[in-house]
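We call the chains A, B, C and D, going by the order they appear; numbering starts again at 1 in every chain.
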């Protein structure tokens, strides 16, 4: 196995582990924004598309790469914008529901 | 910068990110066991110590590597055993305190 | 500055970008930091892309000349794609966002597949095994997500019927397609270089994506989209292997893994297993409006009576549902709630994880109407409190309140529901006896404790506010 | 099998091991999976080490011969170190575990430093910058953790006075040492190869570790240990750069980062900032037993009276502290609690994050005595319930109940405390009016609602159990 592949593999595995670790108990509220946020991230494929676009010589790959670039950019731009719109909805409110819960109980009890 | 160093750096950064992500809101109960568990993990330095031990030719490095191997092994073995002892204390109890909390309220109210 | 230095810097920039993605995702785990996290991630993306442009520009070409057409392609592509993305993202309606996300996911997967296809067409001989594996996987996974996500998007948009569509002998077709793909892949991995076979695989994968998603009900689409999102991540990582580019590998694997976890979380929230969803679940799409009593008499009630109940209640729990979203009644409900609180009534909102049409749909709507975050209570938090609740005000919610879910045998069986029926008294605002997403009757409505206020959510709430003021 | 294949497999094994570390740590985040997570991590370690042995064995040496002495060194080292680690870990008392962990941390850091030292001694010329940087950093950080952790361990063990030890002109000394280290490091990084300078740095770092930890009070040691633990991780990562070994880099960086987060969590639990702790905090070690009334009369109370209060209370909250641990009274308290519950009293335990001498000390003890997990309540959970609590039974707890913490100006000021004084009635079991860790009086004891049951925790509880039975 070439050292490049080995290190690529290492990077791959580590990134997977990060991915597993990075999502902890998320409130259901954030499921859709999180999905949308992750969705924007794989727009990084634009980088790859740019490479093939530059290297494209024959018509076929020029067309393919054009579509690829357009697709990828749409993924990136649209993804981040729509995610941001979803998140604009959340006013920052430090109050944790649980504590409120308890005080509420107090008031009642 | 040599490609080796670059990939080493990449690996380093990714591992740091994993480290940040892997610890989420941990109950205080687990602080000490977690610390102890992480402590055992850096016992991996044993691997490095074995390398220098095998390559040791002059007396100086032979002594140094001997101490290194002994130290590292102590870290590994002791670390995992003591962590396990700490954790034996936890009987697996699925009941989450919060739900209990609520039912308790019910009972009272 | 010589090219090596440039490429070193670019690589470090890529690494920095990737780190931003990770930290961004972390911050998106909690409402307070979520938005800033998304911006951070976007910043990382900008850095990574800018760095790439610099690298491509600084890179010495074979004949020393700059590849003009290449840059033209990139510029045009970016303008077109960026414009389309920006416009659609800016103009889409709140409730239509999931299908848009699915669309973006589709194009992302498509791009990943195109990279591998282009790479494959350029091959003179079969590449070394690992590259070969990555290329084929990229083509297969990328195509599946592309077609699959388009279908999912169409279903949520209503372009395609939401209810499960059973293709004649669908299962067999799907399996057959899978077989074709696998066999083809193995053939190529065996070291054969064959564009036709590649194209066959491509076609098979595309159709597979369609047949995979068609039979799944609209109710499960969010989960499906999340799964396909994770697929795209994997495809992008594969593209990274093909091009030997670390940042693609990192970002792709990151999304692949986190997407998988997220999919599980979402499935859990709807109390389904991912597998069971993929094999085809319930959720027939928009409820048929044909009124059906389904045994048991229904008690209709007027706004004034309800107003009195509410005004003199000690605590009221509002249960918002899809109907609230359709009627855009979030502001109306906040108004009523505030009015009641001024009168000393303790008002809370019971948020079911899958109320509405996307996870967190209700939180998003109510947050938009500035309902104080602490008043929004997740299902497990609030359920025990229904026993002590004087009036449960159900606004355009149906399935998430249907006691049938507690019994086996119903399409919603097993879905955790809000214990609305435990409240001392229940008021339901909806337009008719029409059914909800699952397309079944709700015995809550025939419960003697329940009064039905037949009205559009917005109008109904406005009427209530007026009536309470009048008291 | 040729060596390349072997080394490929070994590298994959290392990667697998590293993954086990990560997943293990993840699982250690929740009590249910923690133990299994630690085992997984241990498994990964075993794999990584076995793989290394195989690699070293299969590796062709310069003169083709096996390096016998090398293997002898390894075997002896493993036996000695392993034996020592196993024995100490097996025999250590529950309450002495933190200092043992600190000891293990010290040797780990030491090993990392030794690797760099050995490497440096072997150098013929200054290595390329980055290696050079890594080597020096490894030596510096490794030495600091080595000496620092030993001191920390000694303080907790009581070998060194727990109370802050102020070295004359300590700050200046510490700063001076830091300066020496930095200057030396820069000199070496400048490309000079000089063993003497390396040794000077080494010495300076070692002493720095001592002067850094000595002025810190025993109460803060857990946080310090956690910080040094994170240092060791970093040192190991540096060693990885020196040897060009990925698994060291991964595992080291992993511990470095997670350790840092954990340190912050622990500091937060004691409501201190890490910086503020490192600059030297409160916590003078074991409380002086000299009885001091400190104004306000103290009401002593007999076991029988307490028994009646408890038996006829609706709900009782037990507040365990360090005294419970010293007296090993965890079983006694469970017995009493069960007895009360049989009589229909609702009993809960209020767990302060820093009650005892290590975080989670109380949970560990009570879990050992099979107290049902749900009865253990974290501080924030339980504090509001004191208002509704009939009797708060404080067993060997002092500082964590001291209302002085709410006012500025006291050594415990700012530490969140259990609102024991909100309870309708308070009973404190301790041997005397002796002080706690912070070495200050507790006005809770002079509170008119409070009755003092002067006894060793175990005996006192036994007496209560007997008295309740007798009712």
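One rule holds for everything that comes next: contacts are C-beta pairs under 8 Å (C-beta built on N, C-alpha and C of every residue); 3 or more make two chains touch, one makes a residue touch a chain.
Bear in mind that the values here come from a model prediction, so they are computed numbers and not experimental data.
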{"item": "Between the pairs A-C and B-C, the one where more C-beta pairs touch", "value": "A-C"}
{"item": "Taking each chain's C-alpha mean as its centre, the one farthest from chain A", "value": "D"}
{"item": "Whole-Å separation of chain centres (CA-atom averages), chain A against chain B", "value": "29"}
{"item": "Length of the line joining the C-alpha centres of chain C and chain D, rounded to whole Å", "value": "43"}
{"item": "Between chain C and chain A, distance of the C-alpha-averaged centres to the nearest whole Å", "value": "13"}
{"item": "Inter-centroid spacing, chain C versus chain B (mean Cα positions, whole Å)", "value": "36"}
{"item": "Two or more partner chains touched - positions in chain C", "value": "18, 22, 26, 246, 250, 381, 388"}
{"item": "Per-residue overlap in chain B, given as positions that touch at least 2 other chains", "value": "1, 4, 7, 10-11, 13-15, 17-18, 20-22, 24, 98, 105, 108-109"}
{"item": "Touch-based graph of the chains, sorted into line, ring, star, complete or other", "value": "other"}
{"item": "In the complex with chain B, residue positions of chain A that touch it", "value": "3-4, 7, 10-11, 14-15, 17-18, 21-22, 24-25, 98, 105, 108-109"}
{"item": "Touching residues (chain side chain C, partner chain B) in the complex", "value": "8, 11-12, 15, 18-19, 22-23, 26, 246, 250, 380-381, 384, 387-388"}
{"item": "Residues of chain D that touch chain B when the two form their complex", "value": "14, 17-18, 21-22, 24-26, 28-32, 34-35, 37-39, 41-42, 45, 48-49, 52-53, 56, 67, 69-71, 73-74, 76-78, 80-82, 84-86, 88-90, 92, 97-98, 100-101, 103-105, 107-108, 110-112, 114-115, 117-119, 121-122, 130, 222, 225-226, 229, 232-233, 236-237, 239-241, 243-262, 265-266, 269, 346, 351, 353-354, 358-361, 363-364, 367-368, 370, 372-374, 376-378, 381, 388"}
{"item": "Residues of chain B touching chain C in the complex", "value": "1, 6-7, 9-10, 13-14, 17, 20-21, 98-99, 102-103, 105-106, 109"}
{"item": "In the complex, chain B residues that touch chain D", "value": "1, 4-5, 8, 11-13, 15-20, 22-24, 26-56, 60-62, 64-95, 97, 100-101, 104, 108"}
